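Look for chain A in each of the two complexes below; its partner is chain B in the first and chain C in the second.
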Partner chain A sequence: MTFILETKKLKRTGYLPAFLGAGIISCAFPVVNMLARSETFTSLPGNPFEILMDANWQMMAMLNILITICGACIMYHTEYADNGALKMDTLPVKPIRLFFCKFLITAEILAAIILFQIIVLTGCAVYWFPDSAFDFLTILKTAGFEWLVSLPTVTLMLLISSMCKNMWISLGAGVILVFTFSIFPQDNFVLRLLPFSAPYQTLSMADENVHIQLFCMVCVLQTAVLYLGETLYVKARRYLA
Partner chain B sequence: MHILETHNLTKTYGDFTAVSNLNLHIRKGRVYGFLGPNGAGKSTTMKMLLGLTHPTDGQVTIDGKTYPQDRVSILKEIGSFIEAPAFYGNLTGEENLDIIRKILGLPKSSVGEALDLVGLTQFRKRLAKKYSLGMKQRLGLAGALIGRPPILILDEPTNGLDPVGIHEIRTLIQSLPQQYDCTVLVSSHLLPEVELMAEDIGILNHGHLLFEGTMEALRLQAHAAGFPMDNLEETFLAMIDADNRKKGGAR
Partner chain C sequence: MSVFSLLLVELKKIRRSKIFLILMIPVMMMWIPSTINAKMNFDVRGIPITPENNFFIQGFMGMTWFMIPATLVIGTVLLTQTERSQNGILKMLSLPVRTSTLCLTKFAVLIFLSMVQMVFCIGAYYASAAIASQLQNYNFILNPSFVCVNALALYWGAVPMAAVFWMFAILIKTPVFSVGLGLVSIVPSVLVIHTKMWFVYPMSYPFYLLMVQYGKAAEGMYATQIDRMPWLPVAVIITVLALAVSCIRFGASERR
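Up next, the complex of A and B:
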């Protein structure tokens, strides 16, 4: 019930068009990249899907993170702009449940976008590398992995947005975090595990270092810890209000 | 019988005490006028009654239940309007009330009833952000009244309304205890309005309760203290002024 209500609240906010737009742009990126310089990639040795992931995923992941930031900001701006959140606080509904439903909505839409991105990348690989064989199970695993490593970023961004009544502060914080983490060295394993940094990892990069399981476990743990952080924030808010 | 009580309710922010040892007693089926100058602690008290703010000390008892353990159960019984109209501007008036209806598990017809009660039926399909101030106020009230809750907590419900709107809301609040067996706690700066609608009065100043009782008891106390008794406004101003003088001229 709460999930449906949270979805209804997003009506006319531009939330879905924003995700749709970002999804289209990110899916178009590898196609344009291959149309412009296919020889650069078709001449490379190795698994075609991995070649395309290495060539495009950084930009696609960046777009995913940016739309996650925008989505979280839109969600909580809708809550705070006309005091809707205050009304919710006076109704018999647990505030953490609202947060969880917002997380579910974002995670679901992100899953759909990532799935489409992986389908487009597979399509590019099939089209530009016609003689190669493809392991579709690995491709599916890639989609699942990319989704899972994005979850801490989703949770952290929702946590930040829930704390800031002014949307520009949460938006600014999100953009600063994106660029801060993008300048961190990617060879540092611990930094690669952090939210805003983990979504740039590809399955093959993690596989090379036998870190897939660790990556997944750490991301699930981070998501749980950030969720707990929101639970504590909701309680603390009543004491400080 | 008191449906709503506070026991030594206190809220402090650092070294500032917003509400101090407040003991309110609100009788079932009555309209209780909660008065006080700006910064007296009325809104803070109302927020504590709704569990929006945790008290530094003391307790709130509503229909035998207390915060925080019975929060959800308490809020099922309370309709509230706090500080300013609270709604989702991107949704229509009807959609806003439908969200509240679903959370409260009310029948679909309750949305229409609430809109009708506050006179917003013809504007139900309009986006809430496009409402005038008075219409937003009415939507906020509809959100409080939907489902006819047994307790209503209204903070300045007539703010932004024109004289006709004020009259309508006052008449509505007055009629609620008889119509729906509802208890109403209402704060307002419009003292003549409170005088017309409230049966019991609580007067707060600097977080302290100066008076609590019926209108008749207020007149008797004012007479004994030598305060003017022509109307509630005169009595209220004299009472606040005397309290401020007693506390060293603080406003």
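Up next, the complex of A and C:
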């Protein structure tokens, strides 16, 4: 019930078209890159798919993070803008359930976008590199990994936007986090595990250092902890307000 | 109402918005790592650049590439959303003030916010350069006129972009689109400045100006001269056009 309500709320905010638009732009990225300078990449040795991932994923992941921030801000903006959150509080619905549904929606859309992005990247590899073929297992594995490592970012961003009544503050906080993690040195391993930094990780990069399991575990753990944080925040808000 | 008092009213509106905090935190975030890692500026990897220039350019790099545009997007959200609750904008539109004046005043506030960030940025640069000089026993501090002129040029180069973002915010009433469009348009500027047509893409201007500065400090990295000729007229046209469109459409959905 709450889930259907949540999707209805988003209907006129342009949430879905915005995500689709961002998804299409990010998918256009590797295609344009290959059209412009395919020789730079086709001459490189190694696995074609991994070459393309290394060349394009940073930008694509950044677009994913930015649209996640934007989406999270909008989701809570609709609640706070006309005191909708107060009305929701009077309903027999637990506030944490709202959060869970919002998380579920974002995670689903993000999964679709990431899967699409990986398919496009594979398509580029097949088109421009003679000796590569569609391998559905790799596609699913990569997409699953990239999705999982972006979940803590989604949760943290939703947590921030649930805390800020004004949209510019949650947006500002999200943008500052993106900025901070983009300037911190990339060679620090602990930093790379954190939300807003983990989505840039590619599967092959994690595979090289035998970190796939670690990444998956840490990201699931972070998501759970942040979810718990929201539960506590919702409880605390009731007592403080 | 005079333009000046209108400006004061607009500034009063954002007094409690905590926007100055949002302007200040990224500046500090930018300079703390570069102070701690100041040693890395000596490792120039064969690029002919002096450590103090390297410190300045590396520090400003993240700022111009990502944070100046992002701040402008946040600023447009602030300006459009503060008056959304209780229909504040309707009351403003009913005052005997021309809507285009109102629109331009709000734009001036947007520019003012980015100038405030510039001042923070210059201040933070000097603080971190002084600390880094102490830590590394090497003088990282550059001539104040050089730093101020360059920082001013970077932020001045952001004005056409601000006009375009402001136009987005006014034309597109759904915030997810205007914000999303603004944020997404930041990302390609890294690629655009390496093409010949960079001057038609206002989001890349500040980054271009910084890269030219990099080219001046280190031979052969990038162009050493700013290509003024097609750029300045195009930038002026983009700015004027964007502001004209936003003045015409300002408050249109409320007046209907």
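Operating definition for what follows: the second predicted complex is superposed on the first by the 237 of 241 C-alpha atoms of A that agree within 3 Å, B and C clash if a C-alpha of one lies under 4 Å from a C-alpha of the other, contacts with A are read in each partner's own complex, and residues count from 1 in each chain.
Throughout what follows, contacts are C-beta pairs under 8 Å (C-beta built on N, C-alpha and C of every residue); 3 or more make two chains touch, one makes a residue touch a chain.
A quick note: this is a predicted structure, and the numbers were derived from the prediction, not measured.
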- request: Answer with clash or fit: chain B and chain C placed together on chain A by superposition.
  value: fit
Query: Touching A:V120, do we find chain B (first), chain C (second), both, or neither?
result: neither
Task: Based on the superposed arrangement, let me know which partner A:L98 touches: chain B (first), chain C (second), both, or neither?
output: neither
Query: Between chain B (first) and chain C (second), which does A:M157 come into contact with in this model arrangement: first, second, both, or neither?
result: neither
- request: Could you tell me if A:A61 is touching chain B, chain C, both of them or neither one (first, second, both, neither)?
  value: neither
- prompt: Looking at the overlay, what does A:T90 touch: chain B (first), chain C (second), both, or neither?
  reply: first
Query: Should A:K8 be classified as contacting the first partner (chain B), the second (chain C), both, or neither?
result: first
Query: In the superposed arrangement, which partner chain does A:A81 touch: chain B (first), chain C (second), both, or neither?
result: both
Query: Is it chain B or chain C that touches the larger share of residues in chain A?
result: C
Message: Just to be sure I read the superposition right, which of the two partners does A:G172 touch: chain B = first, chain C = second, or both, or neither?
response: second
- prompt: After lining up the shared chain so the two structures overlap, which partner does A:Y239 touch, if you call chain B first and chain C second: first, second, both or neither?
  reply: first
- prompt: Once both complexes sit on top of each other, what is the least C-alpha distance from chain B to chain C, rounded to whole angstrom?
  reply: 9
- request: Kindly list the residues of chain A that each of chain B and chain C touches, one partner per complex.
  value: 13, 81-82
- line: The answer for chain C against chain A in the complex is residues 17-19, 22, 25-26, 29-30, 33-34, 37, 62, 66-67, 70, 73-75, 77-78, 81, 84-85, 174-177, 179-180, 183-184, 186-187, 190
- request: Using the touch rule from the top, collect the residues of chain B that touch chain A in their complex.
  value: 47, 50-54, 68, 71-73, 75-76, 78, 80, 82-91, 95, 99-100, 102-104, 127-129, 143
Message: Please output the residues of chain A touching chain C within their complex, sorted ascending.
response: 13-15, 17-18, 21-22, 25, 59, 62-63, 66-67, 69-71, 73-74, 77, 81-82, 166-169, 171-173, 175-176, 178-180, 182-185
Chain A residues within the chain B interface of the complex: 1, 4-5, 8-9, 11-13, 78, 81-87, 89-94, 238-239, 241
